[in-house]
Every structure is written in C-alpha cells, then in structure tokens.
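A single structure is presented below for examination.
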Amino acid sequence: MDGAEIHGLFNYWMVIILMMIGFYTVVSRGNLVKKIVGLNIFQVSVFLLYISIGKVSGGTAPILTGEPEVFSNPLPHVLILTAIVVGVATTALGLALVVRIQNAYGTVEEDEIQELDDEMEFGTGESKEDGP
Amino acid sequence: MTMEFVINMSLFVFLGLTAFAILKLRALFAVVMLSSVFSLVSAGLFVLLDAVDVAFTEAAVGAGISTVLLLVTLSLTARREKAPHRAHAIPLAVVFLTGLALVYGTLDMPHFGDPNAPAQTHVAPKYINDTEREVGMPNIVTAVLASYRGFDTLGEVTVIFTAGIAVLLLLGASIREPDGVRIQTMDHHLVLRVVTKVLIGPILLFALYVQFHGDYGPGGGFQAGVIFAAAFIIYALVFGLENARRAVPGQAVRILLACGVLLYGGVGLISFLFGENYLNYSVLGATQVAGQHLGVLLVEFGVGLTVSAVMVSTFYAFAGQNPPISDEDW
Amino acid sequence: MTALIVDAFSWACLGAGSVLVLIGTVGLIRLPDFYARMHAVGITDTLGADLILLGLMVQAGFSLVTIKLLLIGAFLFFTSPTSTHAIANAAFTSGLRPLVADEETEREPAEEKGDQA
Amino acid sequence: MFTATMAALLVSMVLALARLYMGPTLYDRVLAANAFGTKTVLLIGVVGFLTGRPDFLDISLLYALLNFIGTIAVLKFFRYRTLGDRVETDRERQ
C-alpha cells in the first residue's frame, strides 16, 4: 500500500468509518431520538460517498462559465440534493413517530417499550406463573 | 498533498470526531448541538468537493430546520438517554465485520478524483456537453434535476409530499385548542424581536433570489423552499405560534402542499397534451430553449411550494403539541 | 505599486482577522467560566470575521462577489451579537451566575443585569 | 495568505469542537456551536477564493442569515420548555 493508494482511497475509508459509527449508534443505543440522529449520520456518509465519487481532480463546480473547463460530475449532485430534502422530511416523520410513542408509552427507551409491550401481550412474568 | 486535500482530510476528521462524540454523549441536548455541527462541516466538505448545490441544500436544511425539529422532539420527550444495559459485543462485532467488508470492497475502486473512472465516462459528459445547447442554462445541476431527470425529481417531490401528509396524520393537522390562557412568550426579548423583524425581509428576499436564480447559480426549488419555511419558523419562534398561524393559516399551507405537486405534474401533462413525452418542456415555448426555460421555472416553483409547505406544516404540527409539564430541572 | 498596496492591505486584514479568531477560540478553551468564555469568543469573533471578509473583499475587486461579501458581513454583524445576547440571557435567567473573585462585588452587577432581563 | 487564514480557521474549529464536547454547561455547548457556525461561514468563503471560483458565496450568506435560528430555538426551549406557545392552564395559575 503506497502513498497514492492512501491518497486515492482516504475519502472512501472515512465514509466507511462514519457509516459504521452511524450504524453502531442505531443498533446499540436504546433511545429512539439517538437512533434517528445515528440514522442521519449514516445518511450523510452515503451522501459523501456519492459526492466523492463524482469529484474529478482539477475539476470545478458544474456551472458553466463560458470557458472550456473540467467539470465535476453533476449527476451525483442532483441525486444527493433531492435526497437531503427527502431525508429531512423522513426524519420529521420519524420524529413524529417518536412523539406518538412517547404519548402512548410514556417513554422513548426501546427496552422499556419492549417490556411494556410484553406485559400487554402476555401479562407480567409473575402473573403468568400464578395463572391457571 | 495539495492544500485542498489537507482541508478535505481535516474536515473528514472533524466529521469523524463529531460522530464519535454523538455516539458517546448521553445528554441529548448536546447530541442535537453536535448534529448541527455535523451538518455544518458536511456542507463545508460539499463545497470543497465542487458540489455547491448540495452544500446549499445541506446549509438550508442544517442551519435551522433539523435543529428546530430535534429540539421540539426533545421538549416533548426525554432530555437524557438512559444508560444502555445490554451486551455490546454482538453489535460491535457486526459493525466491525461490515466495515471490514466495505473497506475490502474499496480496494478495487477507482481512486478519488480519477477522470477516467466509470462514473465519469458514461452519461456525465453528455450532460456537461449538451446542456448549453439543449436546455440553455449555465447550471448543469438544475438542468439535470428539472429537465433530463424530471421524472425522478417528480418522484422525490411526491415522497416529500407523502412524508408531510404522514406527519400531519400522526400529529394531527388541526390543533386542539387547549383550555387555558396563552402566554405571550418572548415578549420582553426586545433585541431578538427587533433583529428578527429586520432579518425576515432579507431572508424572504433571499429565498426568492435562490428560487429564480437557480438556473444561473447554485439554488433552485428545494433550497428556496427550505429557506422560505425557515423565515416562517423564525417568525413563529419569536412572535408566537398563534401569530404565525394568523399570518399563514395551517389550512392555506395544506392547500399549497398539494398545489406544488399538482403544478409539477400539470406541467408534465401540458407537454403530454402537446403531443410530446411527459415532462418534455421543449413544446412550451417558441424555441426548444425557451420552452425548456419556462418548464424548468414552473417545475422548480412547484418544488419550492411543496417543500416549504411540508416544512411549515411539519413545524406547526410539532410545535402545536402541548409538552408534558415537568419540574425536572437540568 | 497600487496593486502592491492593495495586496498588503488585504493581507493585513486577513492576518489580523485570523489572529483575532484564533485568540477568541483559545479563550473559549482556556477561560474559567461560561461568561468569561462568552466574552472572549463573542467579541473577537465579530471583529475577526468582519476583518477576514474585508480582506477577501479587497482581493475580489469590485464585482458581485464584493457585494455578497458585504452582505455576509452586515448579516454577521447583526446576528452574531444577537445570538451572544440570547445565550447570555438564557444562561442568566436560568440561574447560572458568573464566577467572581469577591463576594461583595458579586451582588450588584448581578442584580442590575437581572432587572433588565 | 489564504492558506494561513484557512489554517487559523481549521485550528479554531478544532478548539470550538473541543469545547462543544467538554461542556460543562449546556450554554457552553450552544456558544461553541454558534462560534463553529461563524467559522464555517468564513471557511466556505475562503475555500471559494482558494479554489479560484469565489462566486459561490451564497452558501455563506445563507448561513449568516439562518445560523441564529438554532440559537433562538435553544433560548426559547430553555426559558419556556416548548417551541410553540406556552399555555397556562387553570391548575398552574393557582
């Protein structure tokens, strides 16, 4: 592995690190708000991957100046631009669900919600043993 | 090691540090602040990677809307995350293995900035070379967004529309009037009231500039919609939700929500009726370029309407919830 | 000759602005309590930012870029002190008190500020 | 010289990030986030000059305009515990 390789792949590796931090936040944390923030980190890492792929060295932003220049690839920009706004709309949807869960359960911790659910479905652990 | 690469590297390291801090901290308020910083840094990175339109969108979204939404949620739920009490080994192992597999995958990828990478050689040169002749606007991103890939964007706008409707369904579009007296909040914050009053005009003006200048520079309907919404949200924050609802009634916002998507679809339908493909704007004007210009303008306006209406009605729905009264001190 | 003077002026502005911004954030790390930190970063940042923008403006010459930089400077000039004020106000009304050396001198300024809030 | 300014900005961003992580009070975090925002406005401006296309200052302009929304939201959140209107019920007034 030489310098050029590290130089050329650095962005992708950082994207993967970010992606994994976001992923870990989602799977290991119980708080639903934190999970949504983790999901956002994951999402931004995907955005950065696309934009990094679209970059051409020596290129410039794809807005014509009238002079012949090297431009970076405009297609990832289009995809990600819309994805950001869609992302904030879906984040709002997720947060709305969190608010409804808070209203219904009184908590936003996953474990406690799970317990309450079990209780509702099977009754509590003791009462099940006491039952007929 | 050019200067650009050094900046690129430092910004990526910032992002990593911020993400790690978000993972570690349990005070959710700090998490919200860090996530706003995360968005700031990523916008800087987008500028550096030549994606000015993307940076613009990230700036518009990250500078206000997402922070405000997260804070509202915190005010309605808990402010501290409880300590996790489960095994960390399995998630850590899964994440580590996935990461390794992905890193292995990158080893075959074309290097960063390679002009001969497959991504750069297929459809991108067509967009770059033909936009001027076919669509006739300097900003290639806007041309691709609204014209070449207009169908795709219509789908995205529909997704945003649907998400907005879903939020309204979940949280209640019409807010129940709570029994009690509304207290005029922020009444004595004279400095804030004056500065906000001074700034709202420029913000709206800037949103209009972004909306209609999108053909020539970074900007367009998505960004402008978010900026418009930010102006109304800041008004609602400082002068009260009640007053904001009087200025822009929730009913009107919900009508605009649908109007934007309908305008977009309608423009497509008109070109359809002229005997062209759906969303081919060339028939709308005397020449192809004039038709494209008109079509892109109308479509971007529709996008702007829907996006701003979704953001404003989402904020209304969230802020209209009554927070549980707790004496919890922090 | 004129170009040299213009360049020198712009470099001086950029340099001074950078130094101010740095000093401000060093203060943000080093100073002992919240109000002192706010004092450091709130004041130097406004001047430092405007100096950097002035330096860029001189570099850009007279064009649309200059006008945009001017607008950025103007808006920062409004919003940055306002946010500092808002944070200070929020901190003070929620009961955070400045760290002071002497008990006697603490009372008066604290109460005076409380009346305004 | 742009390089030197850029370096100064990056260093101060690191310092602001450190304060944001350390706290200790919530207000320290808000202050640090705010300072970070100002640095980003400048950074995006300087990047434009460094890469030779300074016509993308709209992004900085947007941040300069909107960055204090977050601060206001935080202020309101702390004082009134809500971002909507505070409603005083009969029970509370007694």
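Each chain carries a letter (A, B, C and D) given by its place in the written order, and its residues are counted from 1.
Throughout what follows, contacts are C-beta pairs under 8 Å (C-beta built on N, C-alpha and C of every residue); 3 or more make two chains touch, one makes a residue touch a chain.
This one's a predicted model, so the numbers in the text were calculated from it and none came from an experiment.
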Exercise. If you tally contacting C-beta pairs, which pair wins, A-B or C-D?
Worked result: A-B
Exercise. If you average the CA atoms of subunit B and of subunit D, how far apart do the two points sit, in angstrom?
Worked result: 18
Exercise. Can you give the whole-Å distance between the Cα centres of subunit C and subunit D?
Worked result: 13
Seminar exercise, completed: Chain-centre distance (mean CA atoms) for subunit B and subunit C, in whole Å, is 29
For this session: At least two other chains touched by the same residue of subunit A: list those residues.
Result: 60-61
Exercise. Multi-chain contacts in subunit C: which residues touch at least two other chains?
Worked result: 75, 79, 82, 86, 89
Exercise. Residue numbers in subunit D touching 2 or more other chains?
Worked result: 30, 32, 51, 55-56, 58, 61, 65, 67, 72, 74-75, 79
For this session: Assign the assembly's chain-to-chain touch graph to one of these shapes: line, ring, star, complete, other.
Result: other
For this session: Going by the contact rule at the top, pick out the subunit A residues touching subunit B in the complex.
Result: 4-5, 7-14, 16-25, 27-31, 33-34, 37-38, 40-41, 44, 47-48, 51-65, 70-78, 80-93, 95-100, 102, 107-109, 111
For this session: Provide the residue numbers of subunit A that touch subunit D in the complex, in ascending order.
Result: 60-61
Exercise. For subunit D, which residues count as touching subunit B in their complex?
Worked result: 3, 6, 10, 13-14, 17, 20-21, 23, 26, 29-30, 32-33, 36-37, 40, 43-44, 47-48, 50-51, 55-56, 58-59, 61-63, 65-67, 69-70, 72-77, 79-90, 92-93
Exercise. What part of subunit B is in contact with subunit A in the complex they form?
Worked result: 1, 5, 8-9, 12-13, 15-16, 19-20, 22-23, 28, 31-32, 35, 38-39, 42, 45-46, 49-54, 57-58, 61, 65-66, 69-70, 72-74, 76-78, 81-82, 84-86, 88, 91-92, 94-96, 98-99, 102-103, 106-107, 109, 111-115, 117, 119-120, 123-124, 127-128, 131-132, 138-141, 144-145, 149, 152-153, 156, 159-160, 163-164, 166-167, 170-171, 216-218, 220, 222, 225-226, 307, 310-311, 314, 317-318, 321
For this session: Name, in rising order, each residue of subunit B that touches subunit C in their complex.
Result: 188-189, 191-192, 195, 198-199, 202
